[in-house]
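Okay, so subunit A shows up in both of these, paired with subunit B first and subunit C after.
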Partner chain A sequence: MSQKRLKLLWLQSITCNGNTHSFLNHPDLFSILSHFELIYHPVLETSYDIQALLSGRLDCDVLILEGSFRQEGFKKGGIEVFELVKNYAEKAKHIISAGTCSTFGGIFKQYDPDSISGFCFNGEERTESYEKYASKTISLPGCPIHPKWLSYVLMMLSHGKKIPLDELHRPQELYGITVHTGCVRNEYFEWKVDTKGFGLKEGCSFYENGCQGPYTRGSCNKILWNDTSSKTVVGTPCFGCTEPSFPKTALYTTKTNMGIPATMPLGVPRRAYLTATGIAKSFKIKRFEERIITYDS
Partner chain B sequence: MKIAEKKARKRESIILTALQLFSTKGFHKTTIPDIADKLHMSVGNLYNYFSSKDMLAKEIIKFTSEVLGNEIKTVNMMDISSEEKIRKIVEIYFGMASEKPEMIEYFLRVYLSHREVFADGCEGMTCVSGFITEIMIFFDDGVSKEELRDQDFFSAFGLFMGYLGGMVFLKGEEILPRELDEYVDDISRNIYYALKA
Partner chain C sequence: MIVKKLIEKIEGEAELDFTFDKGKVEDVRISFGFYRGIEEILAGKDPYDALVITPRVCGICNHAHLIAAVRALENGYESAGAKISLTDKAKNIREFTLACELIQNHMKWFYMTILPQLEKLLDDRSGENHALKASYFSSTITKALAIFAGQWPHSGYAVPGGVTCDPTYIDVMQAENLIDESIRFFEQMVAGIPMHKYLNIDSVSELHKINGDLARVLRLLGASRMAETGKSHDRFIVFGDCILFKAGKSMATTVSNVDIQYVEEMLQAGTTAKAVTYKNRFFEVGPLARAMVAKEPIVKSLHKRYKDSLITRVFARVHEVAILLEYSKKLLQNLVLNEPSCTLQNHLKAVDFEGVGVAEAARGSLIHKTTVKEGLIAKYEIIVPTQWNLGNSSNTEQGVAAKAMIGSSDPEEAGFIFRAFDICSVCTTQ
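Right after this comes the complex of A and B.
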């Protein structure tokens, strides 16, 4: 691989640093970064400092954006961040919106939903930036993103590979499935057995405890967190953090209408779901009523 | 007519005939030869369609549930309020009880009264899912439109269907002084008041 390394610039707007920190957890962080020339990064030592960044004169092939955007009023060193972003977005060959804030608006959008958004999307709606920059933008929503979602994209770009995207510019490899896919609780989902509490090994959190996994796009149960586990595996509901509608409220409670989940699994017609549910609930499967591990005391 | 289509029609005619006999003569008093005789077919041929009387009984409840479910589905698809839907469902239920009494009678007097026949193969809602699913959709729509109060499904279901079933049962016992359709107004209103948000 003798091709020239791409220049990588990581630019933050209003952010909690969550995606920056998540990426630091990548077990092969420096190996991945070695494929790039790191121009600027908010917490890693780089060739240029923030003053150089603010000058707008740095080169940039891959621009990683983190945080929510506002056309006016978010300043860094006296410079409007949005102007800075546009400056580097012009130069970049590829733009990666890392996290739900920079993709759809996310948590920070809640402060002022009318003026704060993601870079190319405001929720699911296209922003003014879409027309100009969407063709080179890859959306990586998540709160935060999984470090390996970003490394997948970076390595594909560094090798000049095309990344198939969906209509919201998310890589299909990562977001073509739901968080439900691969969840260890799927047997309980199939037989409609609720969990009896958070953190238990048994039961599904979809029916009462707010799990959004069946209608949230993401690969949290395919590419495990810390190479070990996921929210739904350990018994916490999926909060739907990759979705344009994130964040919702009452995250630990399933909204139901007379006991029927108000939101259906992705793409599943309600009539089909209810038919299957009625039949599944008619049977009591002894194994699913029991604890997986019986402790002595 | 293709053979498969002919068989399907024959199958349905067996179901309808058995439904009528079970509902009027009683499940245990009706035999497979009775059903075959009424259809002018041999007992052996009838067994080609249903391997036992119990199996036939289960297919009948699925059939009636689908018929009633399809009627309610039509109502669910209408762009009308939950109050109006309640009235239409009551009309459908009472209409069926008057015009096809065997359908409702079978549910009340065979399905609910001979649970041992349905224990294996019709567990829980398995054989009545066509009907139950549409009732679920009706409740779900009503609550999401904030027209019906959010509550436990079975509390609402029992109130609605228990009420209608009870009235039809009273009619069957010839206790009701008036025809069922004369009760539609009051009963629809009572159900709506009990379920509304």
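Right after this comes the complex of A and C.
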């Protein structure tokens, strides 16, 4: 490698470590990391220890942030983590907010919504850090982060390529589509066939079981989880974990108005939805009422 | 003299404050950072939301939280008069995914904590990238988990009445291949011998048959005389009747029954973590406790010679991987796919109830208690395994990990004894 490797520093704030462990499952983990000089990481062996990290004196080109933030009161080894974050954010050429907590505040924000937030965003609102750091920040929400989404961003940075972002600084390639895109239950959605309770491979979870896939941005069904599946594939509703509003409540139940899902598929006007589903529903299609596989018992 | 040590590269960080007297550790205070308030976040939410929120307690044992949460809900609904009976298929799938998470955890701990830290401590470096093995193994076994649970970490696929997935034979065959691959890894890398030969080892005198990375760790521990350090109270407790584990407590040579009503949490000064006792006494939880209560022959044999020392504790956790891999394979082979995955077709509308759910997580017994009033969570309590092991010494007795470290002459060595408990700060403080 002729180019000088970028120095990568992974810093945790208020977190469950889920993003760390999600990324550790990347099948090409060490090939990806070989493009970087790993300065600090919460569990992988690195050249510097936590005391060196806390001194604030390490170099850093790419800063990965995990967890939500509070300005004061969250310390490691006596050091305010938010001060440390700002110190490294200052030096970094690129900042990646890895996961929903560090991007929007996520679950831990709900404990103290007035003091806890993401780095550049507090829900959808901009934080004080936005003005200073947003120009070099890439948002990668998801609870946890998808390992391949992170590796895409890291590889783009290591190759010096520019990533097209949306208004919340999310890569368009990952968040320009919804979780619904590529779901194996799409036919059932098209013809408005509900899944009957839980535990069936047939039927769509949007109508009763709370699936937020049609209005949640993310590529969970294009780039599968653990290279193999996704929530909606196994009949679990999408909980909207990439969204600034995560987590909402009653996550296994669809909120409805007069029997119609209260939230429309992303960008679809209510009238268009009602027209299309009204027609779809008027046909009874035998194949969608049957089991896909029948076993001899 | 007080020596402070910040322990990193665990799940989060922990601070150890050692009190030294005549060159030896006299006591140690264990403290963890920030309280994240998961229990309070749950108050006022729909009871089912615990299935999504509680896994976010911990990035490495999230699935155990899901299983404990769904059991608490099922127990609560039943206490309110509902009848819930799971099919064998649903039970087996839950067992399988939980076993996969434990296996994942133990191998990461072995390759990312024990091997590198032991090499560093003894300055006996192999130059190997142990984390590469950890990552390969972990991505393999969590793929098997995700076939049923959709993803790892942070699945929400267990719901009252069963599971949301409806696996086909393709799924089961893929999962079986991944378990075979994990077994192959264990044989070639960890134990260095075929699985059936490894599982036949039932006494210390046969341990020499083991090769591979496990043999290296046992040798390093033996040669450095660290094997016999780390002894604690020699009292063990298990609450979760799941996977292969039986509930019970083991003291001296007796195994007896336990009752969850004697479990008590208490606040501790100087840390956000609470300590837990059973009838006012500290007990060790985790793989060593499970093996002692189940009377696992090779662990009992090690215990007979070394008591609850470092070598017994380390071995018990690695050994559990082999047992769980064998068991996982059987679970897959016994799945009857035409049974229903979930026996409840609608959300239950019980308005007021209390439910308790227990699961064996990687680090030991995990307890969830949910109190629902007027259809919403009024109170949620989580007691995690590390609270048992890492409670600080009380007026009457020393904490479990603290006692294991007491007497050591070196904070670095004591730090390693501490890590052998498989430390997780995020769980401990929630």
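FYI, the second predicted complex is superposed on the first by the 296 of 297 C-alpha atoms of A that agree within 3 Å, B and C clash if a C-alpha of one lies under 4 Å from a C-alpha of the other, contacts with A are read in each partner's own complex, and residues count from 1 in each chain.
Methods note: contacts are C-beta pairs under 8 Å (C-beta built on N, C-alpha and C of every residue); 3 or more make two chains touch, one makes a residue touch a chain.
Treat the numbers as computed from the prediction; the structure is a model and nothing was measured.
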* To do: Using the superposition on chain A described above, determine whether A:I260 touches subunit B (first), subunit C (second), both, or neither.
  => first
* Between subunit B (first) and subunit C (second), which, if any, makes contact with A:I279: first, second, both or neither? -> first
* Asked: Does subunit B (first) or subunit C (second) touch A:G199, or do both, or does neither?
  -> second
* Can A:P144 be said to touch subunit B (first), subunit C (second), both, or neither? -> second
* Asked: Just subunit B (first), just subunit C (second), both, or neither: which does A:T181 touch?
  -> neither
* Could you pull out which residues of subunit A sit against subunit B in one structure and against subunit C in the other? => none
* Structure fact -> The subunit C residues in contact with subunit A across the complex are 6, 8-13, 15, 33-34, 36-38, 40-41, 45-46, 48-49, 51-53, 56-60, 62, 90, 108, 112, 116, 129, 131-132, 134-136, 138-139, 142-143, 145-157, 159, 161-166, 168, 174, 337-338, 340-342, 344-347, 426
* **Residue ranges of subunit A in contact with subunit B within the complex** => 256-260, 262, 270-271, 274-275, 278-279, 281-283
* Asked: In their shared complex, at which residues does subunit A touch subunit C?
  -> 12, 14-22, 24-27, 29-30, 42-45, 49-51, 73-77, 107-108, 110-112, 143-144, 196-202, 225-237, 239, 241, 247, 249-253, 293, 295, 297
* In the complex, go through subunit B and note every residue touching subunit A. => 73, 123-126, 129-130, 132-133, 136-137, 139-140, 142-144, 148, 150-153, 156
